[in-house]
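In the two complexes below, subunit A is the common chain; its partner is subunit B in one and subunit C in the other.
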Partner chain A sequence: MKDQKSHLLKALEKGIRYDGRGLTNFRPIILEKDVSKSAEGSCSVKIGNTEVIVGVKMGVETPYPDTPDSGNLMVNTELRPLSNPEFEPGPPGEKAIELARVIDRGIREAKAIDVKKLCVTKGEKVWSVIIDICSINDEGNLLDASGLGALIALKQTVFPKYEEGILYYEEKTKTHLPIIREPLPVTVYKIGKYFLVDPLSEEEKLADSRLTVAITKDNVLCALQKGGKEPLSIDDIDKMVKIAMKKATELRKII
Partner chain B sequence: MVYKKRFDNRDWEELRPMEAKVGVVPRADGSALFKIGKTVAIAAVYGPRDLHPKFLQNPSSGILRCDYNMLPFSGHGERVRPGGSRRSKEISMVMENSLLPVLDLKDYPNTVIDVFVDLPQTDAGTRCAAITAASMALADAGLHMKDLVSAVAVGKVGDKIVADLTYDEESYEEGCTDIPVAILPNSGQITLLQMDGEVSPEDLNNALQLAKKVCKQIYELQKKALKEQYKQ
Partner chain C sequence: MIEKNTAKEKLYVQDRSIVVPGELLAEGMGFIPSKGIYRDGELIRAERLGMISVDKNVIKLIPLSGRYIPKVNDRVIGKVIDVLLSGWKLDINSAYNAVLTLKDASSEFIAKGENLTKYYDLEDFVVTKITKVTSQKLVDITMIGPGLMTLRGGRIITVNPFKVPRIIGKEGSMVTLIKQKTGCNIVVGQNGWVWINGEPECEVKAVQAIRMVEKQAHLQGLTEIIKVFLEAK
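The block that comes next holds the complex of A and B.
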C-alpha cells in the first residue's frame, strides 16, 4: 500500500495518471436513457468502465406529518456484488449509505423537485419519488456517476396514471416530474498535494481525502461532503470547490 | 378457454426478440447480458475465490453460489423492496441446481464460484433469462464446462401450448400454466423444471418437446455471443 502510494505520487508529480489522463480530466462518459421500461424514469451512466443504472419509481403514500403538502423523496444505493469483488450481498453498508445520502442531500437541498406539486390531498396522499442507484461495474468514482445518473433519471421521469385512488403503472402519462433546479455533484480527491477528479479504484483507495460538491446550474453550492481520513485546509477547500465548479459546467454540456 | 392470438402477435412457438452480449461487466471474471423481450438479465461471475465463513468450504470441490436479484425499479407496478425475498432465495437455489451439472469444480477445492444476476427490467421469464446469462458468464470466466445451459419458459395459455410467456400471458384470465425449463442443449437433459398451473401429462410432454426445440435458438445465440467476444 505504502509503495503503491509513493509510486502514484511520483507519477502525479509528472502529471501522469495510471491511465494516462490529466489530473482533472474525466474518462469518456456514455449516457443511455430509458434503460428500464418498468421504471418511471431511468438511465445508465458509464464513466470509462464504471457503470451505474439509476431507476426512479413513483408511488402514492401518506405524507410526513411535518410536511403534509409535500411529496416524499428517497434515494437508495445498491452496491451490487456483481460490480466489484469486494461488495457482498446483504443490507447496505456504510459506503452505500453515505453515497445515497450525499446524492439525496444534493437533490433535496437544491430543491431540485418542486415537492409542493407532488401533493394529491393535503395531509393524506402525496406522490413519493424513489431513486434507486445500482452499481453494475465499479472501477472508481461511483459517486459522480450516481449523481449524474440520478439527475438524468429524474429528468426522464413521468407520472404513471393515477385515478380515484388507484395507480396504473402500466399507463404512463406525458407529465414529467417538476424539476426546477438541476444539482450535479462533482467529487475532487486529494492525494499528497495533488488534486484530481474521476479516480480509478486504485486512486480512490490511495486518496487521503475527498470533497463532494453538489452545484446547481446557476453555480450555487447546495451540498458538501468531506470524506477520507486526512484533514483539509481552507485553502484546499477553495481549490477543490473551484475544480468542482469547472467540472460541473463541463458535465452539464453532455446531459 | 380459447386463446386465439398472442397478445403481442407472436406465433405460438416464437420467442421474443433476443440479444446476448458477453463481457458487459469488465471488473468481473466473466459476465454476460441476455435480453429476451423486455426481460433483461446481467450476470457476473467471480471466482474461484476464497470462501468465508470457512465451515462452508468443501475440501473435495469448489462450490457454486448464485444470487438472483431484481433491481428495485424492475418490477411490474410497485417498487420491489431491495434485500431479497423468499422468492429470490428459491430462484437462487434452483439456478445453482440448474447450472451445477455442467461444471466440474473438483479442481477448485475450498473455493466458491459466485454468480450474481441483476435484472434492471422484467417481463416474465426472469429465472430462465438469469440462467441463460449466467451460463454464458461462467463460460466467459473460463471455467471447464460440459455444455452451456439454455433456459426458456413454456406453458399453456388458454388451450394453446406456447413458448416464452409474457407477463400478460401469465395473468391470462382463463388460465395459464407456466413451465420454466433449463436444458443442456447438447444432451437434451433438463436441469430446471418448475410449473405453476394445471396441465395434462400429454400437454406436459408437448411443452417440454417445444422447450427443447426453442432452446436450440437460444443456444445458437449464446454461442454466437461468446465467439464474438473471443474472435481475433
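The block that comes next holds the complex of A and C.
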C-alpha cells in the first residue's frame, strides 16, 4: 500500500494522473436524459467508465408534522454488486448511505426545490420527491456522477396527473418540478500535498481525504462533506473550495 | 458405414467466427470438441461466448471474457490478503484464493514462530507460479523459481485474462515491444493482472498500448499497429 502511494505521488509530482489527465481535469462526460419510462424524470451519467442512473419518482403522501405545508424529499442509493466487486447485495452499506446523504444535503440545503409549491392540502397531502441513484459501473467518483445525475433528473421531472386523490402515473402533465436553485456537488481529493478531482478507483483508495462541496449556480456554497482519514487544514479547505467552484462552473456548461 | 458417417459430418461455423452459448457448431462424430465446447448427441455446441478456431477436426473455443481459472504452471500476480499460521493467503484475481506455504515461500530457512510479515506483508504484490490445483480448486503456489519475486513500487492494472496471450504476443514479442518503446518494467500475470513500473508519462503510454491490444485482440497484424502507435507520440 505504501509502495503504491509513493508511486502515485511520484506521478502527481509531475502533474500526471494514472490515465494521463491533469490533476484538475474531468474525464469525458456523457449525459443521456429520460432513460426511464416509469420515472417522472431520469438521467444517465457517464464519467469515463463510471456510470450511474438517476431516477426521480413523485408521490402524494402526508406531510411531516413540523412542515405541514411543504413537500418531502428523499434520496436513496443502490450500489449494485455488479458495478464493483466490493459492493455486496443486501441493505445499503456505509458508502451508499453516505452518498445518498451527501446528495440529499446538497439539494436540501441549497433549497433547490420550492417545497411550498408541493403542498396539495395543508397538513394532509403533499407531493414527495424521491430520488433513486443506481450505480451501473464504478471506476471512481460515484459522488460527482450521482450529484450531476440528480440535478439533471430533477430538472427533467414533470408531475404525473393527480385527480381526486388518485395518481395516474401513466399520464404525465407538462408542469415541471419547481426548481429554484441548481446545486452541483464537486468532490476534491487530497493525496499527499496534491489536490485532484474526478479520481479513478485506484486514486480514490489511496486518497488521504476528500471534500465534497455543493455549489449553486450563483457560486453560493451550500453544503460540505469531509471524508477520509487525514484531517484538513483551513488553508486546504480554502484551496479545495476554490477548485470545486471552478470545476462546478465548467460542469454547468455541459448540462 | 464409414461413408454414411462422413456424409453426415458438417461444420456450421467458420474459423474465427463469434458464437453464443448453445449455438450449433458442427454435426457428426468426426469432430472433436475441445474446452468450452460440448457434445449433444451427434451435435457439437458452444458452452460460452467466444471465438471459434477450427484446426482440422478439432474445434476450439477462445472465450471473449470471464474470470481467471487457475491452471498449473501459470505465472500469476498475487496480492497477499492474509498471513496464516504457516503461510500466506493470496488473491489471484480468481474466484479461488491461493495458499503459499512456508516450504514454497523462500529458499531461506524460516525458523519456527518467526514473524511472517518480514517476508510477505499484507497488500504486497508478488509474482508467483501455480504448482497445484486440486479438483476442489485449492490452489498451491510457489515463490521458488526464476523470475518469481515481490513487486516493489509500480502499479497494477487489470486486463481481461483471456486477452493475456495477445498482450504477451508470440514468444513475448508484444510485451517486449511495449517495454522497449516505453522503457517501463512490465510483468504480465496469466490471471489478468499486469504490473507496470516506469516514468509516469511512459506508464500512461504503456497502459494505453495494453488497453489497445485488449480491445483489438481479434485483429491480425496487431504488433505493427501497436508499433506505429508507440512510435507516433
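The criterion applied here is as follows: the second predicted complex is superposed on the first by the 255 of 255 C-alpha atoms of A that agree within 3 Å, B and C clash if a C-alpha of one lies under 4 Å from a C-alpha of the other, contacts with A are read in each partner's own complex, and residues count from 1 in each chain.
We adopt the following convention: a contact is a pair of C-beta atoms (placed from the backbone, for glycine too) under 8 Å apart; a residue touches a chain by one contact, two chains touch by 3 or more.
Quick caveat, the model's predicted, so the values are computed rather than measured.
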item	value
When subunit B and subunit C are modelled together on subunit A, clash or fit	clash
Partner chain in contact with A:Lys14 - subunit B first, subunit C second, else both or neither	second
First (subunit B), second (subunit C), both or neither touched by A:Ile30	neither
Subunit B versus subunit C as contact partner of A:Ser6, first or second or both or neither	second
Comparison of subunit B and subunit C by subunit A residues contacted	B
First, second, both or neither for A:Ile254, with subunit B first and subunit C second	neither
Clash-bearing segment of subunit B, relative to subunit C, as chosen among 127-135, 145-153, 163-171 or 199-207	145-153
Partner subunit A, residues of subunit B touching it in the complex	24-28, 31, 38, 40, 42-44, 46, 49, 67, 69, 71-79, 82-84, 114, 116-118, 120-123
Residue ranges of subunit A touching subunit C (in the complex, touch as defined)	1, 3-4, 6-8, 10-11, 14, 16, 18-20, 202
Interface residues, subunit A side, partner subunit B - complex	35-40, 42, 49, 51, 53, 55-57, 59, 76, 78, 80-85, 89, 91, 130, 132, 134, 136-139, 167, 169-170
Residue ranges of subunit C touching subunit A (in the complex, touch as defined)	123, 152-155, 197, 200-201, 203-204, 207-208
